[in-house]
Amino acid sequence: MEAADSMKIAVILIVLLPLVGFITTLLFGKRMGGKAHIVPVALVTVTAALAVYAFGWVFQHQEEPFVWDAFSWIVAGRYHASWGFQVDTLTGIMLLVVGIIGMLTHYYSIGYMRGDGGYYRFFAYLNLFMFAMYMLILADNFLLLFLGWEGVGLCSYLLIGFWFDRKSASQAGKKAFLVNRVGDFGFTLGMFLVLVTTGTLQFAGVFDKAETIGAGTLLWICLLLFTGAVGKSAQFPLHVWLPDAMEGPTPVSALIHAATMVNAGVYMVARAYPLFAQSETAMLVVMVVGTFTAIFAACIAITQNDIKKVIAYSTISSLGFMFMALGAGAWVAGIFYLFVHGFFKGLLFLCSGSVIHAMGGEQDMRKMGGLRTRIPVTFWTMLIAAVALVGIFPLSGFWAKDEILGGAFAHGYYVVWLVGIVTAFLTAVFAFRMMFMTFWGESRADAEVQAHIHESPKVMTVPLVLLAIPAAAVGAVVGWPPEAGWIHRFLDPVFFAVEHEEFEWLGTGGALMAVSLAVALLGVYLAYVLYLRRRELPERLAARVPWAYEASLRKMYMDDIYEVVPVRSTIAFSRFLWTGFDVHVIDGAVNGIARLWGWFGDRLRPLQTGRVHNYAFGILAGALALVVIVGWVWGI
Amino acid sequence: MSPLDWWLLLAMLLFCIGAFGVLARRNTIVVIMSLELMLNAVNIALVAIAQFRAGSQGAGVLFSLFVITLAAAEVTVGLGIVIANYRAKRTVENDHFDEMKG
Amino acid sequence: MSWQDQIGFPVLSVITFLPLAGVVLILVIDLLRRPAARLGADGAVEGAVRRQTWWPTTYKVISLATTLAAFALTVWVLFVFDKSTSQLQFVEDVMWVRRFNIHYSLGIDGIAALMLLLTTLLGFIVIIGSWHYIKDREMGFFVSLLLLQTGMTGVFCATDLVLFYVFWEAMLVPMYFIIGVWGGPRKIYAAIKFVLFTLVGSLLMLVAIVAVVWYVNGQGAGLTFDIRALSDVVYPYHLQFWAFLAFFLAFAIKVPMFPLHTWLPDAHVEAPTAGSVILAGVLLKMGAYGMLRFCLPFFPDAAVDFVPLVAGLSVVAIIYGAAVSLVQKDLKKLIAYSSVSHMGFVTAGIFAAIAVADNAAGMEGAVLVMFNHGVLTGALFLMVGYLYERTHTRQIAEMSMLATPLPVFAGFFLFFTLGSLGLPGLNGFVGEFLSLLGLFEYSHALAAIGALGIILAACYLLWMYQRTMFNDRGEAGVMPAVSLRDISPREIVSLLPLVVLAVWIGVYPNTFLDFLHTPVQYILQQMGPSIESARDGAVAHLIEATKGLF
Amino acid sequence: MSGANNDVMVILPGVVVAATALVVFMADTLVGGRKWVLPWIAAAGLIVAAGVATAQWIDVGAIGSVWDFVSGSGSGLFGGGTAESGFASMVALDKFAYYCTLLFCVIGVLTIMLSDAYMKKRRDAMGEFYGLLLLVITGMIGMAISIDVIALFVAFELMSLPTYVLAGFIRGDERSGEAAIKYFINGAFSSAILLFGLALLYAATGQTNYASIAAGLNNLGADAQSGLVIVALVLVAVGFGFKIAAVPFHWWAPDVYEGAPTPVTAFMSVGIKAGAFVGFLKLFTVAVISAPEVWTAILTILAVLTMIVGNALALPQRNLKRMLAYSSIAHAGYILLGLIAVGAGNVSVGASGERVLDTSGSSAVLFYLGAYAFMNIGAFGILVWIRNRRAFRYTLDEVAGLARSMPWTAIAMTLFMLSLTGIPPLIGFWGKLYLFTAIVNAGMTWLAVLAVIMSAVSAYYYLRVVWYMYFREAPGVAPAGAGAAEAGAVQAGAVEAGATVAGAPVTVGAAGALETGAGAAAAEATLVADDAGPAVGSAAAVVIASLGVLVLGLYPSPLISAAQGALRVLLGG
């Protein structure tokens, strides 16, 4: 396919500029001190513009994606993988999310990270992340996608552990990487299976052969790839890293752990649509995992006190929603949700960052309250984000969430729908629990902190406002009318076989919409009652069902289980292998042979008596023995 | 048995007596005597073979002459060593020479 | 193709013996400078000799110059190298021992070319790295390094079995000294263990060499030790079986394969930095190289029969090495065990490649892993050495938060750690991906278990990194009042080539893979019939082979 | 040539050596205080003998083919001297004998050089020492040229008797005396057994000449494996096995090696062993050629035992001389492989119906003897050299840190130890390779496997010497190595380096330089060294040995050519 040269340049620049930013900042950033952000931010801005340009291009060429094999990467045996890029409509959506949120986060960070000892390092890492993320979404083959995939994982590791002088941060970074590795394990095997089965890793090539793959193999491929997605998108049971990832600076949480990287799993599954769509079982697994994760995370979020943890679990829950959508066959709805989620969840995080900034680093909501007036910009933007998250008409979340639930219902997954509704209710509760605890009521902070509370600088609030606009409106813009919005048409070439649901305002669709809206509002009201009006109620409730409260607070004991089952047992087993097997069995055998030989030598020494007649006897005896043996051999 | 066998048997007996002497006696002088006995036993064998073995061309006799000469030399050397050792250690018991072993 | 056609001078000999020439030069100057000192002094000869402060610099410069020259020549060779043929190139051939028709013959194919590059590269890097490392008998150390390099280069270049064996064994001696003289507290144990392990294997290999050559001789083909000629012969199965075992044992010890690996951690821990770098970077590769060069083409039927065993052991090594690394307390030991794990990918890739038809990727990946491991583990050992020069400890428990005083150092360290754990975009990934892919073609289950090793690799490496460079102790995490110098320019110079290579191979491995296509195809071609008729009863063949003994 | 003239020509090298011995004995009484001429006379005699042998060997017409010989592509150079027998077919001078004569002369010269400082302390005994040494060498040459059991036995005794004396040479030293008495009694005992074996062989065939014995055994046909022959061969094997120190006839070796003066030990370990092996080889390959199965069986048992026991017992030894004694037992085991290969090898039928044995085993043995001479004399030479420099009881602990105090000595010792282990590219490696090829060719690969496993074991105790020298510090020396020890080290290095560079070190100038150098170097060492004075000869011997080990290791072809060329064995008559 002949692709526009301008696109080639754009794609190359999109990928390379952040990399250049990373390298230059790493090398020279330290010398630039407080101005270290200039190069990376400028580059990211240009990149975002290019991303928008690319989106524009794909907007014009919806039916013929841009595919370009830049140069070969690995050529070995009969296999071949290349540095190849692909821009289709799905990529376009992702480009928008990544480009815009990425850029805004960079601006926001200028204010947020000011004065930090690792200022330049932070921007270097962020740029590296942008590079990897663009690589991930622009890749035209699984292997290159995996490169971006691991690259964002690395940046996540670096940025979570950015304050490596805190033990918790360095632990969390490592945990994120390792848990993701478990997913990558599956992803790698999935790639092997794809490669061995189809002989290529290029999306187009693989998908062309998707229908020829046997059902069993296909299921394995899907499940293995999905394992990767489970890790990256923090689905149960590999979700444990995401809450801990909040140890990183808040812009990181916004960019990586809400808006972009964690969506990579969803993106990848959507990208592999031709494979998944063929395997009903795989779809079912995706849906079940997503659904379970959604409600599971929501149950935990409801008791968390750390403002960022709440959002983190909310993110897990939202990601579960997306997988639920994909699994249920509501592909477009899933991506739709991803799209809007990026904006409002990113915003939510950035706002929380602003709150934390205002509170002088405090993250515990029990020590907040009453901030509504003190930091109004943050409050209003955060409110928008929260309402969008909860899914109240007409903000973004409403449209996407409703399409997902509608999709599940329409495909006959009533249980899933029900769980989704409950999740939506819980989401409303914990989102507004957070809002009420933070912004309403009286302030519970120390006097010292109180005096210190201030609105964030412009460089932080402007991005908030800029983000609030899409967070509020984008859902309606691209999603209207329901089930037939622009985004459906736009993504059609990607999800070529998806049938459009008919949406009837006065039919099932409308009813479902009403139910979900009602549930959301109910949730908000419950939060209002519990956390603003009758603040003693939650405690009593907790006292009534302590096991449930405890389980939720302790994150369903997942960390404890992980600590005991895989971590400690692996270490114990490794210890055994080392001190038991290596040292005693193998080396024991080796040294034992040596010692045995030495022992043998020592036993022989007494024969050497030093006495002449013994020696003479030895000679004679030896001679006789020889005669006997040789004679016996010849039977004489 | 042929005459040669008898002679060989005699030689063998003498040889064994000599060997027994070497093994059993501790006095080095006696040991040397036993060694001589062994050599002479072979001499008997050699002469006997030369006499009785067909086609043996009498080389055994020649051989035994050499052996006699060598035996004399051997005794000389042996006694010399014994005397030297006696000077150093005042003993001719070979059991006393077991400083080095193992 | 002989050197005359390609480059105009016997380049392989020059590369091989340049370090030796350096040794001779050093010794000659050393002898000359003593009488000179004696003339100028009365009685205080020793003092005068010692006051010649120019001397240490001189022999170091000589060492560096010869190794750098060797490296430059190697690069030249790689440029001239014809990648389109599997023939040996730059061939030199001189009769050596006529009685046995042993030749002094050198030549390289693509695989050897890469190993040659690795050898000469690490050769000069360790010289730079050891510039100030050794305090005692320093000259001897550099002499040993140079001798070692000659031996290693020879191993990769030799195309005569005996010549190969000579280099293979001769190289033991300098290594024995490097560990034994300049090693740590348990150096003697480590040195002797290293030598004895290797000797047991290689001596049995010697018998096998003789057996193979004399078999060929007995067939009326005449005595020859030429590797290519011998590998073209089809050997009877029982000879294949036993000779394969003997060769394989020698190489498996060197690789080292589980469960023959226990010499490695000891040797690494006790060896000085340069020793560890060379040991991990080059010596281990010789084992795998030997398998490629001998075990497979010489004894294809036996090799195919052994695939399940070897592939199984390789996977065990991957997991085992990684697991044991996880709980190490000493940085060097950790990296040493990680080498066991990484080399598992090599053997797995090699043997998987001959298990199923058309699986060249596994073998190419294996060779690439060899190269990558040399680069990455070499760099890691080098850095641990640099760290040791600063902290005087290698105990992980005694370090913490080093990224604060040593930010640049930590950056480099992270880079190589990431490479080692197989981050895509760096070299470690490409090799391991390919060799695992090869293994996957042979057995999905084994590959799955092997891939677990990648998870474990991330575990032990990141944990190690966290405990040393980051805070892993809560509040009291800062290392007790140490003022540490960050990485020096000299150290950066020694690491930069490795950084470049790591990125290069990660981004565009074809530069290196291109060297491998034809030689790997050549090996697989020779294996061809055996792979096609892959035997399915190794046990039955064992019995058959045992009968062949009598 | 014919008649008496021929007879003399055949034994000419031996006669030269024996005559030199007599000259030495006489000169001893005539030179008065100038005893130092004696070693020169002795060495000159050996060199003349070697020259005579070479002159008989060389084909003057082919003098231009020196390079062919060196490169191993032909031994036309040594195509001269058609094999001659003399004294009624008692002795024969064939290429085999030439090779052995040369080898023995080299060993003799090296021993004389080695004993240099040692004998300077015992000037009174110089005459006896060198005279006896020459007699032993005469006996060894006799072993090589004998083709009749009578001559063989005479040579055997001529080789043995003076050695008993040499072993006990240190008058008043209990250990030396003990060594002598042990060696003598056991030696005489085994000689008698050998003699009995020869007598039985004579009884079985009625012949004493090798070729006739061979024919006689051939005529016996199946009876060649009769009890009489087996007993005869076992008894012969005992006699030779004793001299080469094969297990279980090795008992004397460690004690005698330890007790005897070190130069004598060096000589015994390579010279006597070589002599015995040569005789063994010739007797078996020529005379007993018709019954290879029997002697292969006997030797296989001996070889297996020898390799295992030698290596097992060398392991716990802390005394270097004793360790080397057991090592020399082990090496006897390896060399036996060559003999076995001859017997087990492919026996073809020659043109005239006689059995022709595969020769690679024999040449391997000859090669190994040559190789072993260099490395073992070198190893013992180092002991002598250290002993000359300081108090030294030959224990392992005393060589700790030697690399600092005597770096070049340590390097040389390392060479010898590595060569003994069989590490290429040193000569010991080629020896082993040669033996292995022979034994594998003979179809007894399992013996080769056993041998290499034992080699690996031997690596431990050889390398232990190296690690003591290099990896350990001398007691009381700080690891940093500063100070006096290094001062000594540096100078010792200079001294030995001087020796190395000089190349032909036995020159007056070099000697002078060495003398001053060593005197200054060993300032404090000489206080405790009981063998005073510089040991130019020892140093030179070590240098020659290390050059041999190294140069022949890098390019073994000349020695291989010689060993190959030696194989045109004359079958008497």
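Order of writing sets the labels: A, B, C and D. Residues in every chain begin at 1.
Please note the rule applied: contacts are C-beta pairs under 8 Å (C-beta built on N, C-alpha and C of every residue); 3 or more make two chains touch, one makes a residue touch a chain.
Values in this document were obtained by computation on a predicted structure and should not be read as measured data.
Closest to the middle of the protein, by Cα centroid, lies chain C.
At the far end from chain A, in terms of centres built from Cα atoms, lies B. Centre-to-centre, using mean CA coordinates, chain B is 64 Å away from chain C.
Averaged Cα coordinates give chain B a centre that lies 28 Å from the centre of chain D. Our note on geometry: chain A versus chain C, Cα centroid distance of 38 Å, whole angstroms.
Averaging Cα coordinates per chain places chain A and chain B 97 Å apart.
In chain B, the residues touching two or more other chains are 19, 22, 31, 94, 97-102. Shared contact sites, meaning residues of chain C that touch two or more other chains, fall at 196. Residues of chain D in contact with at least two other chains: 181-182, 185, 189, 193, 254-255, 460.
In summary, the structure contains touching chain pairs A-B, A-C, A-D, B-D, C-D. For chain A in complex with chain B, the residues that touch the partner chain are 605-606, 608-613, 616-617, 620. Put simply, chain B touches chain D in their complex at residues 4, 8, 11, 15, 18-19, 22, 28, 31-32, 35, 38-39, 41-42, 45-46, 49, 53-57, 59-60, 62-63, 66-67, 70, 73-74, 77-78, 80-82, 84-85, 87-89, 94, 97-102. Touching chain A in their complex are the following residues of chain C: 193, 196-197, 259, 261-262, 265, 320, 323-324, 326-328, 358-365, 401, 403-404, 411, 418, 423-425, 429-430, 433-434, 436-438, 440-441, 444, 447-448, 451-452, 454-456, 458-459, 462-463, 466, 469-474, 477-478, 507-510, 513-514, 516, 520. Those residues of chain A that touch chain C in the shared complex are 26, 71-79, 143, 146-147, 149-151, 154, 157, 161, 164-167, 169-171, 173-174, 177-178, 181-182, 184-185, 188-189, 192-193, 195-196, 570-571, 573-575, 577-578, 582, 586-587, 590, 594. Residues 71-73, 403, 418, 421-425, 429-430, 432-433, 436-437, 440-441, 445-446, 448-449, 452-453, 455-456, 459-460, 463-464, 466-467, 470-472, 479-481, 486-487, 490-491, 493-494, 497, 501, 555-557, 560-561, 564 of chain D touch chain C in their complex.
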